[in-house]
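In the two complexes below, subunit A is the common chain; its partner is subunit B in one and subunit C in the other.
Showing the complex of A and B:
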């Protein structure tokens, strides 16, 4: 990168908010995925005006700009595949307003999810979509990926809570979308176009979220199933029983084995373990719903069911689910946390297919997921220095997503397309759909400077 | 309109699905708003292929196409301001699939809201956004306007339930958006771009909705307030008390007077009456929430509160709210049912401003609304043959929307921009926002054939 460009960047953000040191650029060459590419420089803008000035410079000089939050993407969204400038929004981290009366939180994009949650908690409110990376991920990234989490079936995902955005467009103009009112149908829904657009259309510099009062009580239970089919039937029956659990998580046998080998949790190594949670304002309400769930568990041959009698016991039940990633990350050289969704009734078929792919390609693919909305995370474990294994991973991934589409599923429930799913976009979207998406990209970003190569939008 | 074009239309849909008879065209010159303009012809396509053929013809011949459902728009969305062809989707009225297991309903656009509700009811499920016109309006129209209803504060609006769409584009291509999975972040959210786009970007020919289990129990109560301010404070306190009522409706004094003069309901003619509903799976849950609401009513000087002890009594409480439109329509020559939303804390200010405008312009403007999400409907009553009164209506409307924007509100919470709000678009949206919306319109509809003149998108 030209030194005059670096000089211009320093003038915009100040020398203290610019870096091109090798150590920083190496750190910025990755996110939580397996993708790697080094940027030429990184900046930490501290206000919208600076972001606008950077975008004008990048447009003029045709420089790739990759917006970045905490870099927790599992799909390569934050990796600068074409080099260029990392726009780290981590120093725009102010909670601008919490307005309980109007049910709003206004934040800058660099605010960490957990910090907003902590700020809302004393008011009895919460921001429901809680990704697994909630303790570190930033809300700008949540908006860019339309992040989900374990409460999706009952509370939806990030898109259901974004009311208004301030967005800097690639040409530097500052766009305001949406309304701070609970309801607005004034003009096209530009807000939703930016939510989940993976930083390819504009840079979000301010977000207004709708927030929810948090039901104070929960009930939690866990059940073991000898077969995936029994667990799958239980999930289906719960979802059409008339209630919506606030969480309904599935853990498969390979994950249970890995957890047992690396913890003292001593879980039964059955084909599937389900963890369910219900919430409400009264104990009767959470228990009424949980009684329904437990009876469905039993009807579908759950070998054991345990219901938590205390907050501590509930935490213990969740430990199994929550320990999965940590255990898998610790015992494997490399892992790809996959993300897919299928119609809920297809969850057992999908789990069975994953298990078969695992055998066929001689790979460990433990799987956890949000069964209540059909969103599964097969975790492909491998050794990146073993060329043969890497090849098998690629083959298994391709077959995995063919199966997902065959079952009426989608390539990604909550992680996004990024770089990881680019090869598969054509499986899910036909040429007309791809053409419209590409037209929208060109409309907003005619020079293709914003997060280029992501989402499979290049022709 | 050229007879060869009429002949081509007849060949596409069949003579039985075409009309240019004067009586039909007069009927199609209006919707539920005060706007009028006669089309040149109307067609009732019966499948997507026919819609595609009509769009190709219209694109070639540069003919305006106005998609229409039940014509219940209160903002002129279905009025063919530029003449052309009415595309009545009322004969595409099949419920294609109800899949409780996967939480889906797939419908054609001409299905009436209440018919879907009736089909879901035996399964214990419902489609929450229930517009006041639910017994007649069609779901294609609900999608086109992003329709709301009284359950918005708790259950959101139509956009929160649309998972996937089949859309015929102006050039005749058939686009499939979204996914039938509960969660998907695969590509741009094209679905949401069409929801609320008022038939200006494409013609929706199939809709996949997410559906919800219906909590079986409700509690209902009503309270009278001598002042708007007391009622407003009660609304605010309820909304930050930690619960979300399934409905929280407000009726103002002018509406109460009109209802009393025309029914035997004998309501107290206070400044504001509130009706609240809570729902849940257990009686404890609905009552717990309602007890909170009633105590907030009392704390804020409610002169009387009544809680329904039976389903019949609950119905009686709702009668007051539900009778408002019928009464107002019966006793006035003309009325404009306005639609606006403000942040919830601004509801009393807005009601006070409406009351002052009413006095200033010597007009009756009774107001009802969904207080729980700040969405108000001032009903401007007038005599359309009285030129002076019509002028005062126009002045009052302009001042009304200036006030709405001053309070941080939005031009429309659930009726849309249509023709009615075109003059006010610039109040809410700056030039950058308008420019982006116009670019999107041009991208999808370069010949401006789809519902032209709506939404203020013409330069």
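Showing the complex of A and C:
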């Protein structure tokens, strides 16, 4: 990259907020996926004006710009595939306003999910998506990926809470979308367009979230099923029973085996284990809902069900699900966390298909997921230095996505397309929808400078 | 695969096992301050992967990150993949020193301990008005920071031991030199031997250290193995004091900062709290405590090499003290006390002590 461009960047953000040191370029070459490419430089803007000036410069010079939060993307969204400049928003990390009267929180994009949670908690409020990466991921990243989590079935995902955005467009103009009102149908819904846009349309510099009161009480239970089909039937039946659990998670046999190998939890190595949580304001309310869920578990041949009587017991029941990533991350050197979603009734079919793919390609693919909204995370564990295994991983992934689409599912429930799923976009989206998406991209970003090569937007 | 560097032989699998999830961002004190991903454990592991791939050599360009780790091990405690970055980094620093890339402050530290008996290159030891090197049941080992920088705290500890009628002696101690292993060098065999010999000559069966780092060195390093072989036990002062009831109390709001060297490194969380709860009914925990405690920023040679960041890390820790409105901050490490005190702003009205110093103060006030 030209030294005059570097000089201009330094003038915009100050020398202390610019870097082209080798150590930074390497650190920005990767996110939590397996993709890797170095940028040419990185900047830490501290206000919207600086972001705007950077975008103007980038437009003029046709420089690729990749916005970045915590870099926890699991699909290569934050990797600067074409080099260029990393725009790290981590230093724009102020909570601007918490307005309980209007049920709003206004934040800069670099605020970490958990920090907002901590600030809302004394008011009895929360921002529900609750991604498992919440201790580190940023709210800007959550908006750009439309992050979800275990509370999806009852509380939805990030998109259900974003009311308004300030966005710097690729040409440097500053766009304000939405309003601070709970309802608004005034014009096109530009806010929603940016949610989940993976940093390809604009840089989010301020977010106004709707926040929810947090029900203080929960009931938790766990059930084991000998067959995936029984577990799947239980999930569907719960979801149309009239009760909406605040969480309903599934853990498959391979994951249970891996957990047992690494912990003293001693879980039964059945085909599926379900963990359910109900929430509410009175004990009666949470227990009433849970009783119904437990009866559905039993009706569908759950071999054992356990209900937590205390907070500690509830935590113990959650340990299995929450320890899964750590346990799976230790299985081998590399892991790809997939993120497909299928209609709820298809969860057992999908789990069965994953298990068969694992056998066919001789790969370990333990799976956990948000059964309550049909979002599954098959975790492909492999050794990246073993060329044969890498090839089998690629084959299995391709077959996996074909199956997902055949079942009426979607490539990604919450992690996004990024680089990882570009080859499969055509499976899910026909030419017309790809054409419209590309037109939108061109409208906002005619020079294709914002997070290029992502989402399959390039022909 | 044969690596070019020693760290590859020992830690290749661990470096590869880092899944780049970035969870260390939440806990790394250096990252928390600088918000610079190259400085947290994930950044360091990515850099080491590139070294192992042969794309980058261990050279001066990498000093800023690889020599800027306080060795607090909070990343280790959080890592879902079971990676222990500080252990890897310590080996990498040795490799770097070997290839001629070292932070000048670390080189200086090694130099000083070749020529002097303590890290401050002080030639006049504080005498603490007590006879040394006599036969006694216990040896009290002060440590460099307690001897040369926080001597008031040390004096208070000695007064307390006297008050409790403990039969102890000090020795003509020299730096345990454990820190050299963290900054790319080796323990100084001569210094270690001198400490071992002096301890043994007192006939003591227990060494009580004022410094948790010295306790770790004595307990874990082969150069001090003779002590254990001869049945000498090494404990930290907090372990020694936990069962005493001194009958003094304070109304003040007290909190406790877990030193990394005592907490995460030795798993000692309860003993200090046991002591403090007896004297302070108004005890409040800091937001990050026990295994999650936030480092004061002094360790791993960072105070010497990156003094500004070190102090600013301590400031972040002190913000947590303000958050809970504590009036007294107690800790069990002179090095933490030293850094935290240096970082304290005039507007911050709380006071910082070692637990023993505070105990002694209460005793003196009670007459």
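Please note the rule applied: the second predicted complex is superposed on the first by the 459 of 459 C-alpha atoms of A that agree within 3 Å, B and C clash if a C-alpha of one lies under 4 Å from a C-alpha of the other, contacts with A are read in each partner's own complex, and residues count from 1 in each chain.
As a convention for this text, a residue touches a chain if its C-beta (ideal position, glycine included) is under 8 Å from a C-beta of that chain, and two chains touch if they have at least 3 such contacts.
What you see is a predicted model, and the numbers here were worked out from it, not measured in a lab.
Asker: So, A:316: does it touch subunit B (first), subunit C (second), both, or neither?
Answerer: It touches nothing on subunit B or subunit C.
Asker: Taking the superposition as given, does A:173 touch the first partner, subunit B, the second, subunit C, both, or neither?
Answerer: Once the two structures are laid over each other on A, A:173 reaches subunit B alone.
Asker: Given the touch rule stated above, what does A:432 touch, subunit B (first), subunit C (second), both, or neither?
Answerer: A:432: touches subunit B, not subunit C.
Asker: Which partner does A:326 contact after superposing on A: first (subunit B), second (subunit C), both, neither?
Answerer: A:326: touches subunit C, not subunit B.
Asker: Which partner does A:187 reach: the first (subunit B), the second (subunit C), both, or neither?
Answerer: A:187 contacts subunit B only, not subunit C.
Asker: Could you figure out whether subunit B or subunit C reaches more residues of subunit A?
Answerer: Touching more of subunit A: B.
Asker: Taking the superposition on A as described, I'd like to know which of subunit B and subunit C A:90 touches: first, second, both or neither.
Answerer: second
Asker: Scan A:30 for contacts with subunit B and subunit C and give back first, second, both or neither.
Answerer: Only subunit C; A:30 stays clear of subunit B.
Asker: Given the complex with subunit A, which residues does subunit B contribute to the contact?
Answerer: 99-104, 123-125, 145-146, 148, 152-153, 156-157, 159-160, 169, 173-177, 179-190, 192-193, 195-197, 201, 212-214, 216, 236, 239-244, 280-282, 284-285, 288-289, 341-345, 370, 373-375, 408-417, 421, 425, 428-430, 432-433, 436-437, 439-440, 443, 455
Asker: Which residues of subunit A touch subunit C in their complex?
Answerer: The contact residues of subunit A facing subunit C are 19, 21-24, 26-33, 44, 70-72, 88, 90-91, 93, 110, 112, 114, 133, 135-136, 325-326, 329-330, 333-335, 384-385.
Asker: Under the touch definition given earlier, write down the residues of subunit C that touch subunit A in their complex.
Answerer: 13, 16-17, 19-23, 25-26, 35-38, 42-43, 46-47, 50, 56, 61-62, 64-65, 80-82
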